[in-house]
Structure formats: structure tokens, C-alpha cells
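Structures are listed in the sections that come next.
Below, chain A partners chain B and then partners chain C, in two separate complexes.
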Partner chain A sequence: MATAGEIAEAYADWQTRCNDNRRLAKMLRNWDRVVHLVASDTGDGFTVSVAGAVLADLETGLVGQPDLVVTATSEDFADLFWGDLNPSEKYVSGEIVLAGSSEDVMRLDAMSMVVFLDQ
Partner chain B sequence: MGMRTAVSTSTGLAFAALQYLAAAGLVTYVAGDSAWISILVAGLLALLAWGYFGELNGMFPTAAAIRRYMAHAMDDRVALSITFTYLSTIVLVVAADAFVVGAALTHVLHLPAGVTVLWILALLGVAVLSNLRGIKVAGWVQDIATVVVLSATLVVSVVALSRSGTALHAPLQPLHHRSGADFVESVALGIFLYSAFEWVTTSAEEVRDPKHIHRAMFIAVCILFVVCAVMTTAMSHLLDHQQLVSAYPQLYLGQRAFGGAGLWLMAGITAVTAVNTFNGGFITASRFIYATAREGSLPPLLARLNDRAVPWVPVVGLGGASFLVAVAVEAVGGSSWEVLVAMGAALEAMIYAVAAYCVLRLRGRLPAQHRPFRVPLVRVLAVAGLVIFGGLGLVASVSVSNRFNPLPLVVIVVIGAGSVLYTVRQVPKLQAAEAARRAATPRRRPARPTGAPPPGDPPGTTVP
Partner chain C sequence: MVVVGAGYSGLCAARHLHSAGLDVVVIEARDRVGGRVWTELTPGGAVVDQGGQWLGPTQDHLSALAEEFGVATFPTFLDGANVELRAGDRHEFNGLVPTSDPDASADAIAALLELDLLCLEVSPAEPWTHPDAVRLDQQTVGSWVSENVESEAARDLIATAVLAVYGAEPSELSLLFALGYAHGGGSMSALVRTAGGAQELRFVGGAQQMAIRLAEVLGDRVVLDAPVVGVAHGPEGVTVVADRGQAGGGRAPWRVGAQWLVMAMPPAVQSRVSFEPPLPGARDQLAQHAPMGSVTKVHAVYDEPFWRQNGLSGQMIADAGALRAVFDDSPDDASHGILLGFIAGHTDRRLESAGPDGRRSIALEELARSFGPRAAQPAEFTEQRWSAEPYSRGGPVACFGPGLLTGCGEALRAPVGPIHWAGTETAVAWSGYIDGAITSGIRAADEVIAEAGTR
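Now for the complex of A and B:
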């Protein structure tokens, strides 16, 4: 299990990479969303907000009305933010569960792909 | 997504422009005005399939459900081969719809037949460009489009029937001067009228309540039965053989109901059907291809995104493939679109049979998994579905225009063989390449320092 601190550290790295990526800034244009992250094994909840193509700092707890809810193990969240895990693969295998529109799911996956695979 | 949009999505995806041609084609298989009986039987079989998809979608409420339940029920290579073959249905339906809408517009505007190709190009071009720009038809637009198409079709059919002034011909005798084989073929074709109602399961993550999908599919099958039954009754009663086998029987039906205005009305309605088909078809197929490429079963090129986070290669590829198929149908002429209908019916029956198999298999392999809906008498109903849908798929694949014609079967076998070949030869190479890439990429996550407490343990504890 990853601790909340480990997830926050991983997110901070991901946040920097995302916010520094010009291509991603174009992709996230007009995509202002609130994403809830729920760690299925620890029960921890986090909130990620995107506004003006910029990822805000990770908030602890489930804040506001989510557009997208992502449920995964704490380890998977940490690996995902460090870029060591392919979220699509975990999604297809059912280890990451999503609730939200298909466009939002695509954008979220796009963030991982663009910042780590540069595609 | 609420219940209303779930119903309109399920119904709208099934009710493509090609349904008009399939309904008219079905009429030629049975006697008099009794085609509704074939549609009723096909509808009851569609409800059997509804049961399968209801159970499977309840177990895996995700857009990736088809990959997951097939992977659990059978070898992954077989599952991938079937899925790739099934995906070709989307290309067929999009291509056929582009052709049907183009042919209808050409006819109503009294343009030369060759102009149909330009309509096809324009329709698919608009669909591809809007997809590339990330434009998705809003739920309420989809609701309105579906209601308009179904209501107009129903009203036109009822008005046309009421104006005919004569009693129905043999509405309860489908076998009058016909063989049992004709009736079976009409039922196989009838399956196509409901095809794609199950595509709404890919919206499982978007609904407010997961039960909406299950209920929506049931309501959609019932709505489709009513509209298609009334429409075929009107067509069988009012249209002659030449009109029935044309590429735009719905225009003649509109003409019988409201004269010249009816012709234009049905041309407009035919164009509106493309809203749902193109929107649903392009999005469903391109996102599925993207996800499959991301998991390493298709070339990475297919996972490339444009600046609007749209997988542009699958979108352009689907548009191109649909254009080629539609142009081929137009170039061959005659009733070549009937081959597409037969292929669509056969592939749909095939996927229903696969769903029946998965339900049965997963009862044994995943007995403890939560199932919000369970198919009753599963051994009987799943085996029955396997046999019936397998048989109907075979029948549909060797029959065109009420004559034996193995072309649909040959094309399906070629597509299926291509899928198998790709899955067996290329997928392992792609997976090995992806594994090598990952092995060569150092892990970014920092290792936990030696002596640090194992994560999850109470603070203050240390590892000796």
C-alpha cells in the first residue's frame, strides 16, 4: 500500500510534468474538471482540479462535485503518477474503475500518454 | 446520462438508415403483410440477447466490458479475433448509412446517380472532421434526433396505411405460398433491425444509475419492434417489388403518406438517422481501437492523439474504410447493399451467440461475482441462444435477396481469417516490443528507503 504522502509526492511530479507540457496545455484547453481519486485499499480520497489547462495541487479528501471518479489501489495511483503504469491496461483489466463521460476518460488517459510517452 | 438518453442512445444506434432497406428486404421473404411476425420473433430473440448483455454488463459495467467478459470466458487470442471481426460491423453500418442517405438525397433532388458518391464523401467528411475536432453530439440532441426519426417513421407508416383504404393481405399467414426456410431467413434478417441496441453498454460509466443501461436496452427493443412492425406492414401493403428492393423504399412510403412533401420529409429523416449512427459508430469504434492500441494489442500509431485528445488515426481510418465500402456499393449498383445487410445480420447473430457462450461460461468460472441481473434457466436459455443465433447467423450469411448467395459468408470469413492471422502473428510481436520498451525504461518511482516502515503500518514503527 502506498501512503497518502507517497501519492502526494508522485502527484506533485506528475503535476509539474503536465503543467510544463505545451502540447498537453492545448489538449486541456476548455477542459475544466474536478476529478476524485479513491484509493480502494486504504479508503483515502483525493481531489484533482483542472482549470485553465493547469492542474491544481492535490487536495486531500473528496472536495466538490466530481466530473470523473477514478477508483484504484493506492499503489496503482502512485505508479500511475510516476509514469510506471499504463492506465489503459489497468482500466481494460478492471483494476482501475472509472465513472464519468468517455471524453473525460480519454483526456485523463491522454495526460499520462502525452507526458510520459510524448505521443 | 439519464434514463431518457440511455433509451435514445440504445434505440438510435440500432435505428440506422439501413434499417429501412432491411425492413423492406424482409418483406419479400414472407407472404402478404405478415412481416411483423418475423419482426416479433426476432424481437423475442433480441430480448434473449438483452438478457445476456444485461448479465454481462452488470458484471462488468465498463466501456471495456466486451474485452473483459470475453477474456474471462475464452482464450484472449480468440476474444481479440472475434472483437476485431465484430468491429467490422461498425464500418459496414457507417458505410451503408452513408450510401443510403446519399442515394436518398440524390433521388429526391433528381440528381444524376453519380452524385451519390459526392454525398457519401461529404457526409463522411463532415463526420470525420467533427470527430477530429472532438465534437460529440450532446445527449439532448441525440434524444431529439431519435424521437424525430422514430415518430416520423411511425406517423408516415400509419398515415400511409390509413390512406390505402384496403384491408391487409394475409397479416397472420407468413407461410402462405412460402416455405419455412423463407420464414427463418426473414427472422435472421429481422435480427438486423435490432442490431447495435447493445452498443449502449459502452456508456456504462456515464449513466447515473447502472440499472439504466439494462432497462434502456429493454425499452429500446420494445420501441424498435413497434416502429419496425408498423413500418414493414405499411411497406408490404403499399410498395411494389421494385420500390421494396430500391435503395430508398422509405421515400416511397413517405410519398404514399403525404405526396411530394412526404418524399422530402423521409429524405430529411433519413439524413437525421446519420446523426446517431455516425456519432455513435465513430466514437465507439475509434475509442475501442485506441484502448486496444494502448494495451499493446494494436500498433502504437493507432493510439496517437491530436491536440483535442482524439485518436485521429482510427477516426481517419474508419472514415476511409467506410468511404471505400460505400463507394464499392454504389459502383457495383443493383441491390449490392443487401450484402451489407446480410453481413450485418450474420455478424450481429454471431455476437449474440458469443454473448450466450460467455454468460454460460462465466457462471462456471466466476460463480461468486456480483450479478445485478441473472439470466433465468441459464443452461437452457444460453444453450438455446447459442444454437439459435449460430444457426440464424449462418442462414443470414448465405442468403441475399431471398436467393442462396455465399458472398456475405465469404467476406466474413476473409475478415475473420485476417483478424485471426493478425492476432496470432502480429499481437505477440507488439506485446513483446511493448514489454521490451518497458524493460528498457527505468522505473521512475523512488525505491522506499531501507529501514523505512512498510507503508500502511502505524506511524512510528520501524523495520529492524
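Now for the complex of A and C:
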């Protein structure tokens, strides 16, 4: 189990890596979205906004109307943000759930593949 | 009723008609059922699927059929690192995309995403209704890639995926067709993936078993070794003429009359049957414009899946050479090891002249490069060249070229008098796959049942 603080710390690392990733920046063009993260075990909620190809700071709590909702265990969120967990396997097996339009789900999936090319 | 073709499509059509209480005869050219699905037992006792073999998520009809006949499934082996042969070098990678050239992989992922997003716009049932259908249908997948993907290495990755999925070169496939086809299975990525995609599960004992069981249910209503050569049709029904093998040897023409006919085969095979009166121009032209992909499956059988001990999954992709994609095809109990390789597209056509021994040594050399010298010494080796099969003429599926869907697409499923069209090429969901074969047969049978109800 990971606390909200640990997830925030991991996210800050992830945020820096993503915002420095020029390959990802290309894919984030014209994709301004609000993503809610729900930790299934602790019930903690977080909000990530993407605007102008930049990931904003993590907000605590579910803020605003989400385009996408990602549900996973707190541990998986922390591992994913530290870059230790490639989410595609857990997504395929249904342990990580993405809810949103087909288009947004496809984009998020592709983006995570690009991020994890360097891991 | 007559059903021509005892692949999954024809067999499912026939069973559906039979269950509705209608008399049915299935006429099959080969001396076996299953069509493009064929499981062979090697002399050494290995089960090899020479044709269609996988089950993926949302292929609910195939999965129901397996359950009905008690055929178990197991996941395609995936643990360990995959191998990539690129620009003459060997690399290992984890996950779906190679990491040896991250820029190229990122470009390929971005391109695949764009194709996935485009495919959501294209109706798998009626691709020609897309507002931009003509523009999409005058391009090929290859021309789209040339215009939209900068790096050559990324283009190679996409070509490898296209060859593995369609058995055809990107330059042979209409973009509109490729998008509608992919949408029918969910997305292009769904077709490419193993876990979570079209290659996720295999059948214990092979993929042909359900076809054999369906044929058992139909009993002597299935007639083998009787290639249909001609169909006479009119408002009152059809007369089908087959060249039937005789019990004591020899062949003789066999005429079967019926009120309705279901043709369950790819358009290119259908086009070799003569129709009297001739089929409407659009339907005949459709069949002329829909060549089969070209694919050969090779299986190398070893006493054990030795690559697993070296941390390898048995999956390989290559940017050149004969084998562009390889999978671990060992049985569930790993009692022996099997590597399955695909030779597809132009390479498959060119390697005709190499002959079986030439192809075998090329394939084994590439397997050894990927998985180590042991791979060069299989206990058994098989190859199945689908282009050499007169009743498939290629595989895995018909590849529709530019202009076909916008020009003749509406003729794909439109009945011609008493003649109804089945075969996986006519499916809406999972066209090109076993699941699509099943639903296309049931759909054609339902058309006939509806018409029979009004007479």
C-alpha cells in the first residue's frame, strides 16, 4: 500500500520525466484532458491535468469533470510513476482499469508505451 | 439448401440451417473440413496448427464453440524477452514494442495510434459510408505510411506488423479496407497484440477440433472431395455441379438441386466457380479485385522449449529476411518445444523458387540467429504454403486493394437471387478470423431462414 504522500512523490518524478520527453510531447499535442486517478485499496483520489502538452502538478482529490478515470491499487500507481511498473500487462489483465472514450483510452495506452520505451 | 465450403463459416451456416429444421448438404472440395484451419499431427506426435489457431478477447462465437465441444484453451507463451532482428543486429526487448531504436518505436506507436483513431471512424459493416471513403480507399496502407511516418525504421516496424496481421504488403491493402477490418476486431493494436489481442489464447489439441465436431454433428450431410465447378441459378433455386470423388476411385459430375445456396469461401476461390447466368458485374468484379494474402507457416519442433531456459519468450520480429514474426507454439504442457514462423507477402512469393529445402535452411538459420544454435537442429520441421492450396489460393485472408470497397463493396454480402454469401471476408466483426467465419455463416443462414419462412 502506498500513502497519498508517496504517490505524490512518485508522481513528481513521473511528471518531470514526461515533461522532458520530447517523443511524448509530440503525442500530447492537442490533447488537453482531465484525468482522475482512483486508488482502489485506499480510496484516495487524485487529479492530473494535461494542457498544452504539459502535465500539471498532481492535485489531491477528484477535481472537475474527468475525461478519463484510471483505477488501480495505490501500490501500482506508485510503481508506475517511479517507472518500475509497465502498466500494459496489468491493463490487459484488468487490474488497471481505464474508463473514458475509446479515443482517450487508446491515446493513454499509446502514451504509456512511449514513456516506457526508455525504462 | 446447399452450403459450399466446409470451413468454419460453411459448417456453422449448415448447422444453423439444420437446427432450423431445413435440409442441408455441405459440399467441400478438400478431403477434410476446416478450410483455412487445419491441425496436423506430425510423425513425432506434435500438434501443429497449419492455419488459423488463435482465440482473442471479444471473439465470443469461437470461444462459445470451443466451450460447447469441451475444447480447452491456454495462453500463448509470453514470459521472457522478445527478440528483434534489425539492420543485421540482434536485440532483446520486453513488452509490445522493440526498444533498440526508441525514436523509431515512438514513431511507430504514434502512427499505430493514428491508425487506431482513424479506424474508429470507419464502419466495419459498410466502410464505403465513411464521409471520406473515396480518399481513404484510393490510398494504400503503404502510401499512408510513406506520407505520415518519417523514420524508415518505424516504417519497417509497421510493415512487419501489417505482414503478420494481413499476410500482405502495406502497398497491397486499401487504407479504407485495413481500417474497417481492424475496427471489426476493435483496433489495429488489438490485431497486433498477443496478450489482450487476437493472439492471446490457443486451443489444446489444435484449432480444427471444433470444425471436426461440427462435421460430426452434420454427419453424412457433409460431402468431402467434391470441388464445386458450376452453379446454375434462377428464381426457383440452384443446381450445383461438383466434381465428386468416387468410392472406387475416379471422379464423376454430381448435380445437387436446392432452393438456396450459401457460398462459404473467399472471393478468389468463389471466382473459380462458373455461374449461369453470370453473377452481377459488381459481385464478379469484387471477386476479381480481392486476391488472397500470401503466407507460409513453418513449425520447428524441438525436444523442449530450450529458449525459455535462456529467458526468451520465443517471440521474434525482424525488419528483413524470410521470417518476419515468430511465436512460441509449444503445447500447454511444454512436453516439447515448437517455434512457429510466418513468411508473408512478397517474400513468401519470392521464396517459391527456393523450394522446401531452401526455405527450411533459411528459416532455421534465422531461428538460430534469434534463439541460438540449438534452433538450427529441430527434431521435425513442417511448412504449410497457403498460396499452394488451390482451395484457399493464399492466406490468411483476402486483401482488398484500392477502390474495391467504394466501387463494389455493397456487393460483398448482397444475395444474388437464391445465392447467399458467407466466409470470413464477409464478416463484420473479426473479418479474417475464425470468429468472423462463424458469424458470417450464421448471418447467411439467417438470411436463408428468413426467406424460407416467407415461402
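Rule of thumb we're sticking to: the second predicted complex is superposed on the first by the 117 of 119 C-alpha atoms of A that agree within 3 Å, B and C clash if a C-alpha of one lies under 4 Å from a C-alpha of the other, contacts with A are read in each partner's own complex, and residues count from 1 in each chain.
Methods note: a contact is a pair of C-beta atoms (placed from the backbone, for glycine too) under 8 Å apart; a residue touches a chain by one contact, two chains touch by 3 or more.
None of the values given here were measured: they were computed from a predicted structure.
In the model built by aligning both structures on chain A, chain B clashes with chain C. In the superposition on chain A, A:Thr42 makes contact with chain B only, not with chain C. Of the two partner chains placed by the overlay, chain B and chain C both lie in contact with A:Val92. When chain B and chain C are set side by side, the one touching more residues of chain A is B.
In the superposed pair of complexes, A:Trp82 makes contact with chain B only, with no contact to chain C. Residue contacts after overlaying the shared chain place A:Ser102 against chain B and chain C alike. Judged by the touch definition given at the top, the superposed model places A:Ala2 against chain B, while chain C stays out of reach.
By the document's definition of touching, of the two partners only chain B reaches A:Ala10; chain C does not. Look at A:Thr60: by the touch rule set out above, it reaches neither chain B nor chain C.
In the overlay built on the shared chain, the residue A:Ala110 is in contact with chain B and with chain C. Here chain C runs into chain B after the superposition, and of 9-17, 243-251, 351-359 or 369-377 the stretch doing so is 9-17. In the three-chain superposition model, chain A touches both chain B and chain C at residues 23, 26-27, 86, 88-89, 91-93, 102-103, 106-107, 109-110, 113-114.
Against chain A, the residues of chain B that register as touching in their complex are 60, 62-64, 67-68, 134, 136, 202-203, 205-206, 283, 287, 290-291, 294-296, 300, 303-305, 307-310, 443-445, 455-456. In the complex of the two chains, the chain A residues touching chain B come out as 1-3, 6, 10, 13, 23, 26-27, 42, 74, 78-79, 82-84, 86, 88-89, 91-94, 97-103, 105-107, 109-110, 113-114, 119. Interface of chain A with chain C (complex): residues 23, 26-27, 86, 88-89, 91-93, 102-103, 106-107, 109-110, 113-114, 116-118.
Across the complex, chain C meets chain A through its residues 94-97, 99, 102-103, 105-106, 109-110, 112-113, 116-117, 120, 187, 189, 193, 195-196.
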